[in-house]
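To keep things simple, chains are lettered A, B, C and D as they appear, and every chain counts its residues starting from 1.
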Amino acid sequence: MTRMTFQQATVAAIADEMRADRDVFVMGEDIGRFGGPLRSNAGLFEEFGAEGRVIDTPISEGTFVGVGVGAAMYGKRPVVDLMFLEFLALVMQQFLDAGAMHYYSGGTQRVPLVVRAKFGVGPFHGHAYDHHSWLMNMPGVKIVAPSNPDDAYALMRAAIRDDNPVLFLEHMALYHAGKAEVDDDTPLSLGKASIAREGTDLSIYASALMTKRALAAAKVLAEDGISAEVVDLRTISPLDEATILTSARKTGRALVLSEAIGRGSSSNDVAALLAEQAFGDLKAPIRRLAPPNIPTPFARELEREYLPSEDRIVSAAKDLMG
Amino acid sequence: MTRMTFQQATVAAIADEMRADRDVFVMGEDIGRFGGPLRSNAGLFEEFGAEGRVIDTPISEGTFVGVGVGAAMYGKRPVVDLMFLEFLALVMQQFLDAGAMHYYSGGTQRVPLVVRAKFGVGPFHGHAYDHHSWLMNMPGVKIVAPSNPDDAYALMRAAIRDDNPVLFLEHMALYHAGKAEVDDDTPLSLGKASIAREGTDLSIYASALMTKRALAAAKVLAEDGISAEVVDLRTISPLDEATILTSARKTGRALVLSEAIGRGSSSNDVAALLAEQAFGDLKAPIRRLAPPNIPTPFARELEREYLPSEDRIVSAAKDLMG
Amino acid sequence: MTKSNQTPQELYYLMVQTRTLDRVIGAHDGHWHGLEGEEATIAGIYHGLQKGDVIAPHYRGAVSAALAKGADLKTLMAGCLGRSTAYHKGRHRSDICGPPELGLIGLYAGSLGPPLGYAAGAALAAKLDGRDDIALGVFGDGTSSRGDCHEAMNMAAVLRLPMVFVCQNNQIAISTELSAGVAGSITARGASFGMPSAEVDGNDVIAVKNAMDEATARARRGDGPSLIECKSYRVAGHFYSDAEDYRDREEIERWRAKEPIARFRAYLIAEGIQTEEDLDRIDAALTEEVDTAFKMALEDPVPEAALLAPDDVYAEARP
Amino acid sequence: MTKSNQTPQELYYLMVQTRTLDRVIGAHDGHWHGLEGEEATIAGIYHGLQKGDVIAPHYRGAVSAALAKGADLKTLMAGCLGRSTAYHKGRHRSDICGPPELGLIGLYAGSLGPPLGYAAGAALAAKLDGRDDIALGVFGDGTSSRGDCHEAMNMAAVLRLPMVFVCQNNQIAISTELSAGVAGSITARGASFGMPSAEVDGNDVIAVKNAMDEATARARRGDGPSLIECKSYRVAGHFYSDAEDYRDREEIERWRAKEPIARFRAYLIAEGIQTEEDLDRIDAALTEEVDTAFKMALEDPVPEAALLAPDDVYAEARP
């Protein structure tokens, strides 16, 4: 048990895995001596640089993620830093190929690759784009988006141990936003949502920063006598369908949050799943809250308005209660 | 009024626009003398080649789509052939940038670009991947997927006249699959779904090949006394929400088809929309039919099983009727 | 474009303008990407283009590129500050994305590299229209490692596009030294695509300007693309608040001593092209101009969130 | 790998094997990408690799690459036919994607270019492990225009990876002639990344083999990547059912006359390395072997659709 920030927990998980397994190495732009933007790889160069396990690369996203894929195919467990999720468009083919390999090889090929990416509206102005939803419609790829330091630690270790290509999302508004207890004994596995707060009146589905806002909103709602359950998806692909359905069946109401624009958002999968498999238990229409279908705006004032806020979550929940 | 195949209608639409507007030109790999795989540009080189308006390019997808973006920024109306949708992963950044330009420029920039792509399980073995759903979650981009020659003609003309980047999908199983009347006076515009068949008991949502199968299934259902309405989305992004909702409100039941794998499919947007805005009118859970979450398999037997078939559409519809 | 008698003064003006706005914006915004050390390269590249020319500038120097194409200083600064009076109404960043209506292709979704392809498209448009306009594709040494760079050069050479590629080689990319980013030589890459390619001293504004004149003339004549590699040094940090603990202080100081404005100043005076007083006057005027513009921009209104209209994402059909 | 005394015979074997399977598969499947004219290049590239070496072959020649790495002929053919007995169980195509367990990196989702990066990753894995294994990245002239090719070469050179890049330049890409796809020279591109780069006659199997030996030895020694451009000609159509109305018949016939197997046969006989009878015997044995394998593969079962298990898309944790 140690108190750490999200950033520290993420780096600690990588360092612990690097100590445990010589096949784990890190790679990306400016992650060596520089330590990565926002200190995303701080300390790794000092500990593992001399062994050649901290590799700075040229600005060639497709190829350095591709190098990760190839190294993962032949025995290594690379943790590749994409820097920002903004650059996901440049490495789609690599995810597509890597995701197909296990199936297409007849089950012989494994691709234990983690690609990390910072994203999200936050203190680091710009680079906010949330493009992860594209990877939902890509077979064989996993997507993880922790909402707190403890999960960041456990999920990063699980992602490194997973034998599939994983996109690991690091929200910049959570990155240095205070320390929390990190339990390094948490059992490790991907694919499980958590009930971040229990409730009985409605279920709020969220991940990353949206989970934090949902939890804040749930507090406010509690003061008004509304008991909101917050389901933190944690693994966005594949979805933990059982946990998602159980919650909605219990509460009968669903509010689905998204930091990505609403159209084509991964959150629509949650809504569609509920509409198909929890329909009979729903007492009200499913409610979605997401930014408008525009690129993330630059001006702080617009950026703020763009994301679902605590206030808007509260008022959507109240609407839902009718 | 002429009888044409889907392929002929698409090329005729491009040729008509090229005759009408000197700023329209075509570009892509092997579209010149060769005429493009599956004759996708047949005849254009002969008519417009000498004017330099049929441009063969090196194998540089990002850049030739990028050249399309740049030419569209500065006065031209390029129709770029990506060959197969299989290569969409290579041009995501170009779509992302192009889609953002109008908004980010403060409204001064227009990007009248059409990117064509063949896709779909069909006679052309391989190259089947349906990746279009990725572009749903990309602001400013439109997606069009006609299901018949007449729509292909009208929508291609509309896409070329549209001042936004458009992905135009050409299903290879529809491409040479018989001629139909093509009305060259159809009023042109993107963004409208059509009621391909009227019905009262349930609504089936589809596009491209799935529309054809839905129509076939609807005939079978009619024999069993079930009246299925088939909504042909035609424009997948943005969705024609009004038509989608009106149909479900009328029939009270919704079956949503997808040729893309179910997870992250654009069809989940349809389901989520209905769950949010037609919930009160629905008499049954929304039903989704899509391929399993695996890459398109190669063996003909697997490929066939992979897609929602007429039979499975019929039986899902019957389930839905309870 | 023939070189006017005014060229030396104009180059000097652009160099000092670049330095002045760098200091003013940098003092305000720690994320501003500093231009110190690269003023000669920037001025030499962007001086003297014609109205229909299109530029995909390297992001470091993009504001100067917009100014050279006639953009309004105050409006650009409002864009750096996210004000509603900006060309883009506060929706984007004018530090990396200039007004397209003036021929500027920016970083829309943030990725370095693809704009080189867009510039090639603008060049193709000019060629199809039979105009003698050209396109410039400018990129950093780090950006040269993007596949886009290779694809765009090959495409421009195969299609014989009226285009000039310029590498703004400041020998570093964030913290990555040239040798850790770029194998071999960027000039040799240009040559490997069969285009005239030359390395010039990026701290010598006249050398950059001469190389540009030759390349742009060639492109306007329809003789196809060229590459110019301007070798210089990023004296500035990656951005203003960069702690720069990854770099050798002495090397920075060595390059600071070679700084291009003092060098050009000395040249102008020695050659009798300008007097020291003339140049001082230009400096003072620019300080005044940039300060004023920045202050005005600061007072401009921020965008009203309520006006954040999602409908604007699609261009409507023209009436 | 030192050249064994067997090398000439083995090269001959690989060349004839390539030609034989080309004819057999091509006669059955109009979409098969013909290999005629490129047998020397293919054999010269893939002969004599060691077990831990990894190949990202060009798709045209990928079956020969897999055979050279020890894959079973019948199982590969079952893969071309989509049979359940294939390495991939009928889920994919062994014409473009060989068994990874034998060191083959294929076209998984169909795009040319990215496998060069995967090969670089395999090279990095060997380097990190301290093995003397290498990776080959092979690509066509058309594929050389993909940015991936440039990025992979730069990456391999910067990281000094044990890798050999080989361009299988058959002077055409579908219908696009070399000059419409490739500006300048592919060999010069390799050189521009600071790596040893050489053009060889791709119809001369010994020349290809010698160049490969030098490059692989260099890579195994830890001295970094090289590029070899094998200049040859696609005598075959793009695929077997290609109408080829875009090409000059006479040019094809000119190159057919230079065909590499006859040339190598003549050399082997003239040098007294093999007798005509020996070679005839190899030819006959291969015809028999390939025919038999193909017939067996044809009789193999097709995959049962019911067994199409979506769960197999993710690798389960190892026990």
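Criterion: a residue touches a chain if its C-beta (ideal position, glycine included) is under 8 Å from a C-beta of that chain, and two chains touch if they have at least 3 such contacts.
This structure is a prediction, so every number in the text was calculated from the model and none was measured.
Q: Between chain pairs B-D and A-D, which one is joined by a greater number of C-beta pairs in contact?
A: Looking at contacts between chains, A-D has the larger number.
Q: If every chain is reduced to the average of its C-alpha atoms, which one ends up farthest from subunit B?
A: Taking each chain's C-alpha mean as its centre, the farthest from subunit B is C.
Q: Taking the mean of the CA coordinates per chain, how far is subunit B from subunit D in Å?
A: 36
Q: Between subunit A and subunit B, what is the gap in Å from one C-alpha centre to the other?
A: Centre separation, subunit A to subunit B: 31 Å.
Q: With centres defined as the mean C-alpha position, give me the subunit C-subunit D separation in Å.
A: Whole-Å distance between the two chain centres: 44.
Q: Go ahead and note the Å separation of the Cα centroids belonging to subunit A and subunit D.
A: 40
Q: Which positions in subunit A touch two or more other chains at once?
A: 58, 60, 62-63, 89-90, 93, 96, 99-100, 103-104, 139-140, 238, 293-295
Q: Hey, what residues on subunit C touch two or more of the other chains?
A: 88, 91-92, 108-109, 111, 145-148, 151, 154-155, 158, 180-182, 312-313
Q: So with touch defined the way it is at the top, what topology do the chains form here? Options are line, ring, star, complete, other.
A: Contact pattern: complete, every chain touching every other.
Q: Could you list, by residue number, the parts of subunit D that touch subunit B in their complex?
A: 31, 82-84, 88, 90-93, 108-113, 142-143, 145-147, 173-176, 180-182, 245-246, 302-306, 308, 310, 312-313
Q: What does subunit A use to touch subunit D in their complex?
A: 25, 52-53, 55, 57-58, 60, 62-76, 78, 93-94, 96-111, 139-140, 142, 161-164, 238
Q: Would you mind writing out the residues of subunit A in touch with subunit C in their complex?
A: Residues in contact with subunit C: 29-30, 32-34, 56, 58-63, 84, 86-87, 89-90, 125-127, 129, 292-295, 297-302, 304-306.
Q: Which residues of subunit B touch subunit A in their complex?
A: Residues 88-90, 92-93, 95-96, 99-100, 103-104, 131, 133-140, 237-239, 256, 260-261, 263-269, 271-272, 274-277, 279-280, 282, 284-288, 293-295 of subunit B touch subunit A in their complex.
Q: Per the contact definition, I'd like the list of subunit C residues that touch subunit D in the complex.
A: 145-151, 153-155, 157-158, 179-185, 188-189, 191-195
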